[in-house]
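Both complexes shown next keep subunit A, but they swap its partner, so subunit B is in the first and subunit C is in the second.
Take a look at the complex of A and B:
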């Protein structure tokens, strides 16, 4: 599944290549043909994160204080971890944990 | 924030989870408000976000027409949104304020120099004049120099004490009547907890005040006292405001980090927790038998101080005499007489490590 991921608020510094926007191909889980947010998070952790994964994930979700938007909509309104992604979705992760 | 890719996404058909805004009932909801758990659209969010800040400003009489107001600007999310919203509200509601940006250059290569570039862009974007005051000019030392002299332990104490004074001195230099800072509800809840954990009664009683220092030359206020960090970041994201987000290279500040994480965990379970902690902080009654430090002025520089010399002068003394531990914690280094007296009278309110926040 083709997805566009965007990292902000300092999260981009944790990635292998510290650019903000990443166009990626995420394989659906076990022939179900679906990618959930939960699946995406573990894929990101395994494939994009280079250092300090604890700044990004905690348990099987994002670390509290990291905001997630799916197609510019707060993921809390889309089902959170269970939200099912669709082809060409744009998922944005923003850390709020830096000073202001 | 480079989010141009996100724009095309709105054309997609709405998924099962998408719902309508509870306020207008027309547009697709874009976020869930932590304060009220309402789902609202982007346009209604802008309206309620700005209106609540306006209401906070009015209800607490934060400003008077004609005042010259310094916005403490670090280039980070909170102060960037504050500068943007305050200049909007000033125009929209005719506050009659003369606003400008005031930044402190601590002299941290690779951190503050980059964030100051953001503030310089904000100066142009928002049409607000900018004044930068530096530790080097005020104290003769940059944070880079200080870390070279004292190492990575306690450096946040220096930075916190120096920054607070630097903002005040910069504001005085520019004849400001008031300073506003971007401290948000999450920051204040965190500070309430920290002050409890440290037993710092003096700070506990004043850290929830929306305005402080009214008896001093330049009062400070926090228009974002009731504004959730999540909403500030969402606002900056949707409005594509230009802000800087990198952790200070010298600041692990683990203790505050734990408190922050705890608050964020609570927020996930029950977002109201943040406002409730602030409310608890506001309603503490300090027993009349608790001895509070008396406010006076520093003999050397005239800054407000509960001691003979203010904390910045004590720290600076240590640096200049090659005894940088002077004034840190309970150490009685340096000249015995003056310092023994200092230590006896010191209350915890003058000793903790205060990290990046000035309360």
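Take a look at the complex of A and C:
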């Protein structure tokens, strides 16, 4: 499944290539034929994250302080970890900022 | 020929003088118009005297005082005095804003928490646009390294309280509004008392525990919160607790791990980035105050300066089971005053105090003065600087070798070679010491740990890093 992933607020620094936008091909989980947010998170952790995975995930979700947006919409409104992704969806992971 | 040139020069001089005089006349005319309009239109008692009265009854500041003042110079019958019409004419010409918008603005009171990079444009715009009462709260002093982004402060104010500097600047811009400076760091024990006096709160602070505290306080007192943040080349903005939007806790019920909390004093910030976010915060505060337009409720604006992109995303609404703003919340003002926000977030209520680590035994550490003696005695050694490369380029001790901490593990062979060369070059043939340095003495400890695990048994770090070196040994070493 074609997805566009974007990382911001410093999360991009955890990736193998510290660019913010990643166009990726994520395979559906065996036998299910669909990609859920839960599946995407473990795929990102396995394929994109280079260092300090605890700065990105906690348990099977994102760590506190990370906002997840599916097509510019808070993932809490789309089903959170169970949200099913569709072809060409844009998923944004952004760490909240505190500075000023 | 010569005479002609002289004649031309004289003509230019006269023209220049004329231009200057005309400009002066225009400026004087403007001031005359302003004074005349005050004389003719302003009814007695709505100027200074009334404001004074308000101050007495309102126990010093806040919306009550500002309301009693009946706005800043509006006639009691609802018409606008001529001086205000002239001053805010470009607002009044906006069909969506108009007289009603300006009146609401003049009757509103807004508290800006933090007079830094975000707070600077917020306070400047809110003062200029004629908000009735502008409160500014900040406990810090102006520092030279603030000025690149905190544009409300001038060089002459370095060392003075930020609130004084900011309030003076606002008063210079607009003498017709009420500006209140609260020279405190906002804390649970004083926050309720200060915030209570205002209609709207702008969070322009620089640290996580204060953000949780301000959000909780605004929920308790039912105030809309215009929240902005900036770091590096990115900014974020939203309006919490207004028109069904979530509070900070709805979005972030648990605080992030400490290591994820980057600060401007570590990560840097491009000056104009908080400027952009601060301007947008002022805009949102004006929209909330005047009920004009759609404020950024239940939405968040994400600004990426590097790629020149702004993304506006939809957020969850206020959560019914939020421990603070939810229907069944049992969080009281007493709970708030006792809540330890620094403990909750494991980080300090300041951008400046970095949490320091203590990872090494005493014998693995030396002071900056010890290091100076080692150099003076000509003892063979290698100074390893583990800061990121762009830090090393700012300033470094010469000679030293730069291997950033993040690359240290893979560069261990290089280090081994360099150490060997240092040993060979020294006359004594003594094994050279390996001394590790960073900015503040935290990363250097992590590096020494790693080095000792990998066979560099004699590695030691300099306590307090370059900061201590600048303080105790070389006062000329640049601070950053």
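As a convention for this text, the second predicted complex is superposed on the first by the 96 of 100 C-alpha atoms of A that agree within 3 Å, B and C clash if a C-alpha of one lies under 4 Å from a C-alpha of the other, contacts with A are read in each partner's own complex, and residues count from 1 in each chain.
Basically, a contact is a pair of C-beta atoms (placed from the backbone, for glycine too) under 8 Å apart; a residue touches a chain by one contact, two chains touch by 3 or more.
These numbers come from a predicted model, not from an experiment.
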| item | value |
| --- | --- |
| Clash or fit, subunit B versus subunit C on superposed subunit A | clash |
| Subunit B versus subunit C as contact partner of A:89, first or second or both or neither | first |
| Residue contacts with subunit A in the superposition, subunit B compared against subunit C | B |
| Contacts of A:54 with subunit B and subunit C, given as first, second, both or neither | second |
| Partner chain(s) touched by A:20 [first = subunit B, second = subunit C, both, neither] | both |
| Those residues of subunit A which subunit B touches in one complex and subunit C touches in the other | 8-10, 20, 63-65, 67, 69, 72-74, 76-77, 92, 94-100 |
| Contacting residues of subunit A [partner subunit B, same complex] | 4, 6, 8-10, 13, 20-21, 63-65, 67, 69, 71-74, 76-79, 83-84, 86, 88-90, 92, 94-100 |
| Subunit C-touching residues of subunit A, taken from the complex the two chains share | 8-10, 20, 51-52, 54-55, 63-67, 69, 72-74, 76-77, 92, 94-100 |
| Contact footprint of subunit A on subunit C as seen in their complex | 114, 116-119, 204-208, 211, 228-232, 234-236, 251-257, 259-264, 267, 269, 274, 300, 302, 304, 307, 311-316, 351, 406 |
| Complex contacts: residues of subunit B adjacent to subunit A | 1-3, 5-6, 8-10, 12, 15-19, 28-32, 39, 42, 74, 76-80, 182, 184, 186-187, 229-230, 232-234, 237-238, 245-248, 260-261, 264-265, 267-268, 356 |
